[in-house]
Structure formats: C-alpha cells, structure tokens
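Across the two complexes that follow, chain A remains constant while its partner is chain B and subsequently chain C.
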Partner chain A sequence: MRNLLGHSSRRFKAAITFPLIGVALFLISNRVDELRVYQGANVAVYVVAIISIILLTGYSGQISLGHGALMAVGAYAAVLSQVYWHLPVILTFVVAVLAAAGFGAILGTAAGRLTGPYLAGTTLALAVGLPSLANQFGFLGGEQGLNYDVGLPPAWLGADFTQYKWFFWISALAALIVTWISFNLLGSHYGRNWRALRSNPTAAALMGIHVGRSKVLAFTVSSGLAGLAGALLAMTISLVTPSAFPTSLSFSIVTGAVLAGVTLLTGSIVGAVVLVAIPEITGALAAHLGGSEKVTSNLPGLLTSVLLIVAVLLFPNGPQAIMKRTRKSSQ
Partner chain B sequence: MFGQRRSKRNIFALATLAAGALAVTALPAQAFNVHTTDGVTPTTIKLGITIPLTGSAAPGYNKIPSAMIAYFNYVNDNGGVNGRKIQLVVKDDAYLPTLAVAKTNELILKDKVFAVIGALGTANHIAVSKSVNLGRRGVPDLFLNTGFSGFSDAKKYPSTFSLFPSYVMEAKIMGQYLKDKFPGKKLGLIYQADDFGTDALAGFKQAGTNFAVKVSYASGSQSAQTAAGWVSKLKTAGAEVVVMFGVTTASGAALATSAALGYKAQWILGSVGGDATTLKAVGVPAVVLTGAIGASFLPAPTDTSDPYVAFFQGINTKYNGGAVFDNNVLVGMNTAMMTVQALRAAGANPTQKGLIAAIESKGSTFASAGLAPLNYAKGVHVGYNGYWFGSYNSSGELKPIGGDYSVYTTDSGAGAIVKSTYVRPALPANGLPTN
Partner chain C sequence: MGRLLNTILIGVSGGSIYSLMALALVLVWRSTRVVNFAQAGQAILSTYIGYVVITHTDNYWIAFPVALVAGALAGALIDILMVRTLMKRAHSGPVAGIAPVIATLGLLGLIRAVVGMIWGGDLRQFKLPVSNHGFTFGHNTIPFAPINLLIVVTTVVVMLIFSLIFQRTNLGLSLRASAYQPEIARLAGIRVDLTRTIGWAFAGAAGAVAGMLVTPTNYLSPNSLDLLLVSGFVAAVIGGLESLVGAAVGGLILGISLALVLEYVSSSLAFPVAFVVLIAVLLFKPSGLIGAKRTRHA
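Then we have the complex of A and B:
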C-alpha cells in the first residue's frame, strides 16, 4: 500500500509533467510539416480510443470488439447536437462523452453477465451492425453522412495557422486530459477495484468489491472515452458517416491496445503511432514491390491483423513489458 | 503498478521526452517551410486524383484514371506541356469519405501535387472540401466527376471547377422531356437519399414534374433484395414511365430485378447510372436495357463518326491497352484533354493561382468532346450545362433520338430550358491542344 505522501507526490509530479508535455507538443506542432501535424491529430484520436480499451480490458478484464460502434455513437451524438441543437463545439464533445457513456452503461449492464468469447461476440455484433443503422434513418444522413464543423482556427492564431494544426491542438489537448484523468482514476480505489476484479472476480467479491457495479462502471467510463475518440475522429474528417466506423476500426484499436501493453497508459502512444504508421509502411512497401493501388489499399488490414497475432503470441503484455523484463534481468 | 521507484522512472522518461521535443523545436523553422510552387519542376507537373478503384462503386469508375494517364502519356510523348511531362498520382478512396480525406491529404501534403483532378463522389468531395479545405489552401480542384450543384458555388469552393452539368440541370431537362414525350403517363422516380437525390428533386420541382410514386434508397443499400422493394412500390402505384436517378449499381439492380419480376415500364436512366458497359458488367442482360432512354452531355462512346470519339479510341488502343471504350474512358480522356489546355493556359511558369485564373478567363473556349457549352467565367465555375436524350439499342449503344444530338441547356436555378445552338470547337490537330 502506498503511503499518503507517495500518493500526493505522484499527483504533484503528474501536475507538472502533463502541462510540460502539452507545451512540448505545442512547440513541436509549430515546427513539423503539415502531414505530420495531421498524423499527430490522428495519433491523439487513437490515444484516446486505446486508453478506453486499456481501462476496460487491461484493468477491469472485460473484452470489447465493439468500441468502433461506441465511437460511432459518440460521433453521431456530437454531430447531431451540432446540426439539430446548434450547440457550441466544446459542448458537442461533452454530448459525445455523455451519449456514449449512457449507451455503454446499458451495454455494460448486459455485458456484466457475459464473459470471454460471449462478450467478444456480443460487442462484435454491435460493431458490425450499429454504424449501418445510419442508413435506415434519414435524419442520420445515410451513407453520405452529416457534416461536422468545428470551425476555422481563431483569427488571433494567425493566417498561417492551418486547419490541421487546429485539429491537432484540439485532439492533443483532449488526449492529454484523458490520459491525466485515467492516470488519476487508475490510481484511485476504482482502479484498484478493477485490477482486483481482473485478477480474480471471486476473490474481489470476497474483499467486498461489488463485482457487477464495478464492471458496469468500467464499461461506462470506457464507452464515454470511446465516444470522445469518435467525435474527435469525426472532427478530423469534418464528417460523420457509417463508413468512418468500419468493423476493422474496432480491431485496430484493440490491436493498438495490445501493442500498447494492455495495462500501460503510457503505452497508448506507442499503439497509436503504430496504427497511424501502418498505412505509411504498407504504402512504402507496395511502392517498393511495385504492387498496384488495389493491393495497397488492402495491405493495412493485413498488417494490422498480423501485428495483433504476433503481439499476442510474442509479447502479450506489450513491447514495453519486454523491455522492462530485459532491463530487470540485466540488473 | 506505479510504485515509488517506477513512477520516478516514468517521470524521468517523460521529462526526457519533453526535453527532446524542446530540442527539436530549437531547429530553425525555415527548414520546414521552404515554399515553392507545389508539384511543378522544370521538367514535370504532378497532378493527383482520388477515385474508387476497389469497393462497391469501383466498377466503371476505376477505368477513369488509366484513361487519363493514357492521354497524358500521349501528350508527354509529344513534348508535354511547355516542356513539362504530366504525372498523375492515383489514390484509391474505395468511395469512402474517410479514405477520400486521408488520400487527398497524402496527395497535397506528401506528394505535393500541383492540382487535384477529377475527384469523384458527392459525399466524398464535400468531406474533402471541408476537411482538407482545398479552397483555403488555394489548391486547384478541377473537373469533378460529380454533378452536385453545390460545387459550382465559387464563393464556397473558390478553387473548385465543376465539369458535369449539375443534377439539377439534368432533372430539369429530363422533366421537360417527360412533359413533351409522355404526357398523361403515370410517372415513377427512384433516387438516392442524399445531396445527389436532393439536387434531382429540386430540378424536377423546377420543371413541374409530378411523380405518382417516388422511391428513395440510401446510398450503399442497393441490392437485388432492396430493388425488389422498389419494384413492388412502382408496380402498386402503376408507374408506366420510371426515372432512375441513381448510381450504376442501383440502376443495374432496378433493371435486372424488374425484368425478373416481370414488371414492364419505360425506363429513363440518369447519366450517372446509365453507362451500358458497366450495366452489363454488373449483370444486366442487354435485352433488358434495350429501349430504355438515357441522357448524356458527351457523344455516345460508340459513335465513331464523332471526331473526338474516334481520336480517343485511337489513344485507347495505343496507350490504354485497348480497354473496352465506354463512357468512363471517354470522360477520363476528355478531362485529361481539358487539363492539358488549362495547364497551357496557365503559362510557361504555372502557379496554382494562375491556373485558376486561366480557367476562369479561357476555360469556356477549351476544346472538348462535350456537346454542351462550357460556362467558365470570372467567379463562375459551372462546366457543361446541357443534355441530349438517346435510346439504347440491342447492343447497348445509346443512339440519339431523332438521329442527331439535340442538346438542351439550362441552369441550376429557375432559368429556362432552351435548345442549344452551341457548336463545340473542332478537335485540335492530332488531338494536341495548341491554345
């Protein structure tokens, strides 16, 4: 058990570190070219999505292959609140979190009764089915989707301040806040409850932890974060459409979480960078091999799946865990 | 997991990261901001296109880029444009807006193309315009393969030039045609429930067309099963003449299913879903298509008496591996020929601004296969504005009704529909523009 001083000093360090990272990101975004800024925005979106999986799977021990659908819920909620209620942008993100969390609470109540493959199957069905619902209801915009406009960057940032830098700022800030909140949440008694739950539900119950309630809470929080990631994703493409949330998205973020090491918050950045880099790598690969564009467009999916399999086989706790192990053994 | 020691180590790691990041920022900013005209070197001009090469919308459309490259290669073999060879970077967007945005980003930020040409898909391109914001960047966005009327709004999309007549124009002209040729008949309409369909409804409203039944479908939902639903609605309402205003896979499903269910009507196919070879490729028997009415603004791709078609067919044999010459190939080559003229008009040292200005000032005089006039002018980014009607014969060729191309022109607003007297510029010698 951690003493009181240790706890508060951890918070104190975090309070210094997070703003510091923020400043660093801000400065970097002014120096790299725009493609990197755009990719940086995507990394930030994936960081949020991967953290939502880390909270759920890495801590509470529940599996979800349907987080792409929860992202869609968040994205649609954000866009609908903008299109029909004309809410300011910042509030649309709040709506995204609340809507997805609400949806996740309901889903989590059902999920609490399921484990392992049954839970995976249920959530997978959601990932397959839910986004295409938008094609059935006119107000959701069908395949064409609905536009989501977070607006141009404020004028005081200057004429050179690009749209993508604006997207990056918003998503990086969101990612930092989410990381910080999760960092604190996992250090709290909720985090300890979830870990106890993951290791041994029966033992956790004997310790006085309400298993069902803890599981639903984890699902709710995780869904809320997924919803935020969805809204951020919609922001980067200025639009929400069912095709933005394919089944493969759910697998991608699970892959990202596995690559992150499902219990490591800081690993989320590794997973996110890999996910963003995959299309780049396959593009370069195909260019070398002289493959046609038709082949190239299917390579990312292949590489993602291969990475997932390799990661699960070779380093189920993430590459960072391996590094730690080798470091320990060399000491 | 965060013991005292570990957390200390983490903090160190983060601090190192931050310090490293700060070091990066100490690099001179200019190193990353050298700005020349993107995509133009003394010997090359790089252009880009995103288009569905895979996925549900790919059949047919995937032939456009290779047709464009074929014509560009022909021009390159004959000296290029002011000594510069044209390169076309092709990206597959699978008809998905997310990919269209990502791939257009690659074109502009990574490949640094001079201009984007022939982007396809209304929804895709709305997303691209919003997110990538070609207008704000000043990247020319030329000769779209979509007829959404919104794109010709030069205030909203200052760097975008439409090419196809808008769907509003098409529906207006079609509405007039229905009034003239099928008075008193019960009319039916199938349309896509998005901006494409909204444009069509606006046009039919302008023309005062009254449909006995309107069936809408969500883009992507078209299949034999859903088409059976459309047909039963049309049948119940007793529609005798049916306008099909959808993509080719939708019109294919509608035609094949109605034939299978024994529903007979006079079909009128909109230009988007009326390419005969693509319809055949998606499984519509030629006999089902025979007698259907179609609309186009280009000469029929099978009309070898047309000098443009004959010339492009020659290019197709020599530079495009003899692909089946259909409307998509014709569209691709025609767009490429217009692009070459636009680049020539931009002068010996083309800039993106100069290219946009050149199309505004000279675009209406470009030689093109189109039978309707081009309407480019200062602040006007509308391309073609007219259609002719034809009927499909038993081999799937669209033959003009009455024997010759009678083109009707109009606008996207309340303007009148008039029979065009436009005579297009003659094909440049050897198909090489000299403007």
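Then we have the complex of A and C:
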C-alpha cells in the first residue's frame, strides 16, 4: 500500500495540489457558458483516455491502436449493467472499468508476448471489428444503440445547475482521480518496472522483473482506464452506439498521447485540449473559407493526421524532449 | 460435396485478395521493418483513381493499369517524403520503436481525409468488368463466377511476376539482401535507400491491385478497405510476415476458413473468426506457419 501511495512528501503535495485543481475547475465551470462546460467535459474524458495510452505506451512500451474498442467495451458494460441490473450510476462506472480491464487482461495475455507490429495490428483489428459486433446482437441495441442516463444533477446543487455542468463535474472528478492514481502508480515499483521494461526488456528480466506479467498488468490497468473513459464518453452523449466508437477515435487518442509527449502524465491535458479544439478550429476555418460539405467534414481528420505526422517526424520523443535539448544547449 | 467444393472455391477467390494485401504488407515489412497501416489508404487512393478512369473511359481494363501505376507512385513518394526522414530521426528514445507505426497511422488518416475531400463519403460502385453470375454446368449454376475467376487469375499472375522478380533478377537479389542485412547490403554496394523505395512502390502496386479486384463486388468509400487491411494483416501474420509465399498461403487459409464458417455456421461471424484465427496463430505458432524463427524481434 505504501508503494501505491508514494512517498510522504509526494503524497502531501498531491493532497494539496489535486483539491486545489478541483476547486479551480469548479470556479471556472461557474463562469463560462454551456458550450465551454460541455467541451470541458470532453477534455476530461480525453484526459482519462490519453492517460490510459500514456501508461501503456509511454511507460511499458506497448502500443495499442484499439483503445477506442476498449472504450466501447466499457461503455457497453456500463449501459448494460444499468439497463439489465438497474445498478446505480456510480456502480456502472465501476462495472465499466472492471469489464474493460478483464477484456484487456485476456487480450494482454495474448498480446503480452507480442512486440510492436504484431500488437499494433492485433489492436487495430479490434478497433476496426469490435464496435460493429454490436449490430449483430440484439441485446446490444444495434445501430440505434442504448440510452445511458446518469440522471439529473442532485437537487441540492440548485435549480440553475445544468445537465452539462453535471457531466463536467463527474468527468472532471474522474479525470482528477485517475491522474492522481496514475502519478502514484508510476512512482511505485510498478512504474519503475514498466520503465525498465521499456528501456531494455532483457536487462529488466535479469533484474528479476517478470516481463510478461508486468506487461499484462500494464495492459490491464490501461484497458480499465479506457473503459472508464468510454463510459464517461457515453455519459456526455447519453447514448451508447457502435458509431460513437469509430476507428478514428482510437487514432485520435493515440494522436493526443503523442502530442502530450507519450511519457508525460501532465501532458495529457494538452493533448486533450488539442483534440477538443480541433473541430472548433476547423469549424471556424471552414466558416471563414467557405467550401463544400465534403471539405468541411474531412477537415478535422486532416488536421489530426497532419498533427500526428508532424509530431512523430519532428519530436518522436514528445515535445518535452525538444525543450530539454534546448535547455541543455543554452546552458 | 458440391456445397463444400463451391464454398472452397469462393474462399479461394476471397483469399486471393487477402493474399495481395498481405503481400503489400510483407513487402514493406521486409524493406522497412514497419507494418504499413497506410496501405489501406494507398490502396483506396489508387482505387479511386481507377474509378475516375472508369467513369471517363467506361473501361475497366484501362483503369486497372492506371490504378496500379498510381499505387506504385504513391508508395515510392511516401517512402521518399516520409519514411526517409523517419528512419533518420527516430532511432532512439522511448518512443522510437513505435514512431514509424504511428506515422503510418497518421498517413492513413491523412489519405482518407484527402480522398473524402475530393470524392465525398458516398458509396460508389464499379461497373463489373466481367459477369458476376455463376458458371453454369448443365443445369447447375455454381456461386463461382467469372469475376471470381478473374480475381484468382490476376492474383496468380501478380504473384508469379513478383516471385520472378525476387528470385531471378538482380533487383530481386538486392531487395532480398537489403531486407536481410541492410548494413552488409550497403557495404556490398547496394543502394539500400533506393531498394527500399522500390519495395514501397511494389507494395503500393500490389495494394492497388487488391483494391481494384475487391471493389467490383463491393462498394467504394473512403474506408471501404479497412477490413481488407485487417484481413491482409491476419493473412500476413499466418504466413510469418516475412515471406511472400507465406502471404499467399496465409491469404488462402484465411479466405477458405472464413468462407467455410460463413457457409456452415453463421454469416455474422466473419470478424470474430478472423480475430480468433489471428490470436490463435500468435499464441501457438508466433513465427507464422511459414516464417523464419527470428521474425519476432521488430
């Protein structure tokens, strides 16, 4: 337990920092309009999703192009547990995490033995194929999907407390908790094992780290977080459908993680803000330039892909690697 | 018995296309050590170019070579513009191993967006080059149609051409040498960069052929080849990711087993079956049925 919570000074700092961020977010959410609040909720969802990739790729050195599918697993688990078991909302989130983590554990057991291209291809296959399965089983609601209802905000928050603000609160709280747990997890011996594994699997094995088990653990934790992100995403659109989890969602999360600088936990907020800002920017651009529906509907995809390519070509180790280099050369 | 034979024939026709996609992936893998996920994008771009030629000339047989050349050019261009930079820059650091994969992913998104901007997201259809009504023997009509025969024959021809190039020409020798040991190949006077570009061009052409063959019996949209990419990857993994023969065999195995499942079990199981086959091969025969032992280390 001590390992999970990290050293006491870190714990102290975290105990102050995270509530402070929470209060700041709360104050901000009272001052901006509804659209921004909704976008804030989306940012929080992406933060959770990007952190799941950062843990996996940045720390254990595995890649997943299929986290969109794991998000779908989480979302469907949450909605099914609500529809069929009538679980309270908070428990549906727990179910989402457990279901996706379980799925990830099975996948990770197969994938733990895989290196780069095999893992990438297997997870890509998942991203392409899994969401469409929902169309083939009646109880998953087909293309129309299933309604996912987290309920109205509690009455004691006041009459003018809107639904979107409630979404924002839930997802921002989830993002904060996830960030806090991840910080401590990466500071613990699990985090050290993963870093060792990423740098040199052979040396890590010689040091007594069980390579396979560590990788599967990373995959399981990451999948659980992806499942939570999926349930949160479903919450913001009040619906779970196959089309909410397209292949491009998996690609977006990877893009966000690369822009975040895949080894930097705090970078996740940058990646998430960029992902939410892209449709806004392209929307403004399209309105400014005119252009047909064909062009405007593909602008976000174009911008995301260009960002991804440029990021990988210019700073394959994340933006912070560049900063480090300039700092070194200026000294 | 007739039903089984018919199913296998259909499986061979579907599997041929998987083989071509697998071949495209294997060619790039051998020369660059990257699974090129942008292959689906390159193939879709070439197929759209073929589609434009068909709508203008009303002739599939003019469109086919045009698409093939377009695919080869696109492959070569991608190597020169992107892969070269990538090979120079991304060689160390935590993300170096996955940077190329992520770059091909970005490229897939980029090509798809550009294709969507030019042609939109509507589903389009080709005019069939040959009939899709099954051959008739006496009173029996079988599901295997001239279009399936065309697919199988074209695939066999493409495979033969590639194996001739690889086994009988100097170019093939240098392609094999640079795939096997780039440093030593360079010392032996092979221009490794150039051979890699040629490998990408070949792969682009193979992908274009796959796109031109699968589209007449299907429809065309900016992501209509995604499933083909996945099937091609599964086929390539079955074959060991390293060998051209493996790609061909892997495609046929996948095609026939999918056809059997669809015919005898359920038509909704295509994807789960492909995925289970992939996982099973990775778990029990990770080097592929034909691949060499050392393929595992990326």
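One rule holds in what follows: the second predicted complex is superposed on the first by the 314 of 331 C-alpha atoms of A that agree within 3 Å, B and C clash if a C-alpha of one lies under 4 Å from a C-alpha of the other, contacts with A are read in each partner's own complex, and residues count from 1 in each chain.
In this section, a contact is a pair of C-beta atoms (placed from the backbone, for glycine too) under 8 Å apart; a residue touches a chain by one contact, two chains touch by 3 or more.
The structure presented is a predicted model; accordingly, all values stated were derived computationally and were not measured.
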Which of chain B and chain C A:S188 touches, first, second, both or neither: neither
Touched partner set for A:A110, first chain B, second chain C, both or neither: second
Touched partner set for A:T17, first chain B, second chain C, both or neither: first
Chain B versus chain C as contact partner of A:G121, first or second or both or neither: second
Chain B versus chain C as contact partner of A:N200, first or second or both or neither: neither
Touched partner set for A:N298, first chain B, second chain C, both or neither: both
Shared contact residues on chain A - chain B and chain C: 136, 263, 293-294, 297-298
Touch list for chain A against partner chain B, complex: 2, 6, 10, 13, 17, 20-21, 23-25, 27-28, 30-35, 38, 135-136, 138, 141-145, 147, 149, 152, 163, 186-187, 236-239, 241-244, 263, 266, 279, 283, 293-294, 296-298
Of all residues in chain B, those that touch chain A in their complex: 1-2, 4, 7, 10-11, 13-15, 17-18, 21-22, 24-25, 27, 29, 32, 53-54, 90-92, 94, 96-99, 101-102, 105-106, 109-110, 122-123, 126-127, 130-131, 133, 136, 193-196, 218-221
Chain C residues within the chain A interface of the complex: 29, 33-35, 37, 82, 85-86, 89-90, 93-99, 101-103, 105-110, 112-114, 116-121, 223, 226-227, 229-230, 233-234, 237, 241, 268, 271-272, 274-275, 278-279, 282-283, 286, 296-298
Chain C-facing residues of chain A, complex: 57-58, 61, 63, 65, 110, 113-118, 120-122, 124-126, 128-130, 132-133, 136, 198-199, 247-248, 251, 254-255, 258, 262-263, 293-295, 297-299, 301-302, 304-306, 308-309, 312-313, 316-318, 321
